[in-house]
Amino acid sequence: MATVHLLSDEEASAEALAVFADIRATRGTEHVNNFWRALAHDPALLRATWERLKAVMRPGALDPLTKEMVYLAVSVANGCEYCIHSHTAAARAKGMSETQLGELLAVIAMASQTNALATALQVPVDEAFAAEKSG
Amino acid sequence: MATVHLLSDEEASAEALAVFADIRATRGTEHVNNFWRALAHDPALLRATWERLKAVMRPGALDPLTKEMVYLAVSVANGCEYCIHSHTAAARAKGMSETQLGELLAVIAMASQTNALATALQVPVDEAFAAEKSG
Amino acid sequence: MATVHLLSDEEASAEALAVFADIRATRGTEHVNNFWRALAHDPALLRATWERLKAVMRPGALDPLTKEMVYLAVSVANGCEYCIHSHTAAARAKGMSETQLGELLAVIAMASQTNALATALQVPVDEAFAAEKSG
Amino acid sequence: MATVHLLSDEEASAEALAVFADIRATRGTEHVNNFWRALAHDPALLRATWERLKAVMRPGALDPLTKEMVYLAVSVANGCEYCIHSHTAAARAKGMSETQLGELLAVIAMASQTNALATALQVPVDEAFAAEKSG
Amino acid sequence: MATVHLLSDEEASAEALAVFADIRATRGTEHVNNFWRALAHDPALLRATWERLKAVMRPGALDPLTKEMVYLAVSVANGCEYCIHSHTAAARAKGMSETQLGELLAVIAMASQTNALATALQVPVDEAFAAEKSG
Amino acid sequence: MATVHLLSDEEASAEALAVFADIRATRGTEHVNNFWRALAHDPALLRATWERLKAVMRPGALDPLTKEMVYLAVSVANGCEYCIHSHTAAARAKGMSETQLGELLAVIAMASQTNALATALQVPVDEAFAAEKSG
């Protein structure tokens, strides 16, 4: 159960419905997922979150699938159940194969373990990694 | 400071030196970074970590730069200072442009905020995201 | 399901029941929530946790609602499902409006994204933030 | 050291300088802190982050000091060193007393421990906490 | 629901079944738990994870129950629901008493709160803790 | 730098000095480490934290070294730099060998990776792990 009621189209305000309409148009689907229906209690927060998401996930120097896999990796590290489900589904919809998912999981697992080891040992950063050297 | 002494080549055991040699050969550099020098106190852990890293980061269904950026994203979410520095440097060495870094940061920041919102609202997972539906 | 059985009043020890009685008296309700029923297997841990909670959440230099919202914010960042539900309910019971909840969520989301960015960039702390300057 | 060079006013682009100018005007200080100088490599990300921060931290149903303390609490839970320093300083600048800081720390510590206990015990959410009941 | 279908023995590949057979032989039970059935989509990842787990959890300088309790403590701190259940069950199977569980929980809760306090206060590390002093 | 000034014995209040005296007596050393000197600004928080720590870390159904290693494991997972240093030193002082440290690190790394995998795959908990079965 959510900590707020999920708003149906009938219950949402005009301002929230305008955002829902843009979500539907942008994604080419009638389905507005629960995340937006929960945020709809605060139309300003709904709009700011959606507008920023749309801008960030646009194709750019990184392709949409790469962005989606990075999004999923962060969601796993942060332990967000909802986000893991929604971004696994989104990555598949953008063409992620099951082999790619397997490799993605392997990288996430690898990073998680070396993150823990480097933190546990408090390894000092090598001088060779300095940003100024790469500029 | 690390919680263990970083082992120089002179101090490392024969078993650890064999791993250092493989790191040097695989990466084409004399530099063995501090992470491995800290792990060298436990040659079995050193070897297992390095062998797995080598296997996971090999080109596959995902290209090496994509894997490196995912690795960096997880390291940021886990707050591993050492790993953030080493994998930012590694991603640049594999060709990540500053524009790509900017987009990567934007996705990480976006995921972090929607992770927090979905968790705060305890949004229930949409039926539409079920894996069985995706084939 | 919990990893321990939740103890009913009939099953709890005399020592645990004494804590339950203080929870009921302090909160003015018969309901002893599941958290305490799970902790009741270890009456000493139950008592120490409850006594400290009672002392910490007392009105002081910060009012009870502010404390409750801070508690909720930490619970979100730590991803504690149970705590998010219980402290959202508690904040509402102490007068948090839905508008205040919306603003609280916006601050949590904002902090989450700038936390990620500052960590990703490993921004060095400004000299101007030094505590000695503010003392 | 940061993973990017911190841009001085001389090095920043016109677009970044425009954001710096708004930061200075809004805060009434010449000091532009390191976080913004690191973000300035990506003026679009700089602008989006600053604009959103300005909107979120404005006085509203929650006062600015409460927002600042929530921001600090989230930063602590996320372990962001830079953010802890900057938002402790900001909270003090907005009037947080050392007594209030002590109470804030006590709440953060309390939440951290009950978060861990509720998660460890996987306590099921009480029916009494359901949002629909409070609507 | 999982983000992948859990593979039954009938659905698993020959390579995955070989790992299942080793899990069954090593643990002396017919039950192959869901974690391995989810990983079985990627037999290489399944094998690498299982082989490493078997090596790490072997009796050594630390006894199996101590290792299991450390595993559980990390799983709690990382908020992994599945792992908390599986490693609580495993620790009990290896002889953890309910009194030991209570003490384990008390240590986890204590660490969580002092972790938060030390991070919030950004306490500098004492010179006395330097590793070189203990070598 | 800390976000508060570390109080010397000369600067600490009588109430804080009483806690310092108990720390010195309990540990048999003159050294009062920085954590307590930072907390000393709030003598009530200082006392509550110290008293609880003393009670929790006492020998019981778990021996002091096991408790210390669990404390360290949680501190690693939470990324607390100060705590990692202080509890690594404490574990060594209580007899942890470098071989034991290596095994502890291996378990922490293993848990971190399977935590990530189980979370990424959202593996449902096996019925066999139910607490009621073990009661």
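Residue numbering begins at 1 within each chain, and the chains themselves are lettered A, B, C, D, E and F in the order written.
Going forward, a contact is a pair of C-beta atoms (placed from the backbone, for glycine too) under 8 Å apart; a residue touches a chain by one contact, two chains touch by 3 or more.
Chain labels with UniProt names: A, B, C, D, E, F = Alkylhydroperoxidase AhpD family core domain-containing protein.
Nothing here was measured: the structure is a model prediction, and the numbers come from that model.
Engineer: Going by the stated contact rule, which chains contact subunit C and subunit E alike?
Structural biologist: Intersection of subunit C and subunit E contact lists gives A, B, D, F.
Engineer: Taking all residue numbers at the subunit A/subunit C interface, are over half used by both copies (same) or under half (different)?
Structural biologist: Under half shared, hence different.
Engineer: Going by the touch criterion at the top, tell me which pair is linked by more C-beta contacts: D-E or E-F.
Structural biologist: Between D-E and E-F, the larger count of C-beta pairs in contact belongs to E-F.
Engineer: Suppose chain centres are the mean of their C-alpha atoms. Which chain sits farthest from subunit A?
Structural biologist: F
Engineer: Determine the centre-to-centre distance between subunit A and subunit E, using the mean Cα coordinates as centres, and give it in whole Å.
Structural biologist: 27
Engineer: Could you tell me the distance, in whole angstrom, between the mean C-alpha positions of subunit C and subunit F?
Structural biologist: Each chain's C-alpha centroid was found; their separation is 20 Å.
Engineer: What parts of subunit B, by residue number, touch at least two of the other chains?
Structural biologist: 1-4, 48-49, 52, 74, 76-81, 84-85, 88, 99, 102, 105-106, 108-117, 119-122, 125, 131
Engineer: Should the pattern of chain-chain touching be classed as line, ring, star, complete or other?
Structural biologist: Topology of touching chains reads as complete, every chain touching all others.
Engineer: Going by the contact rule at the top, pick out the subunit E residues touching subunit A in the complex.
Structural biologist: Residues 1, 3-4, 41-42, 44-45, 48-49, 74, 78-80.
Engineer: Looking at the complex, which residues from subunit E come into contact with subunit B?
Structural biologist: 1-5, 48, 52, 55, 125, 130-132, 135
Engineer: Looking at the complex, which residues from subunit D come into contact with subunit E?
Structural biologist: It is residues 72, 76-77, 79, 81, 84-85, 105, 108-117, 119-122 of subunit D that touch subunit E.
Engineer: Once bound in the complex, which stretches of subunit B touch subunit D?
Structural biologist: 79, 84-85, 88, 98-99, 101-102, 105-106, 109, 116
Engineer: Under the stated contact criterion, what part of subunit A meets subunit B in this complex?
Structural biologist: Touch list, subunit A to subunit B: 1-4, 6, 31, 33-35, 38-39, 49, 52-53, 56-57, 60-62, 66-67, 69-71, 73-83, 85-89, 92, 97, 99-100, 102-104, 106-126, 128-129, 131, 134.
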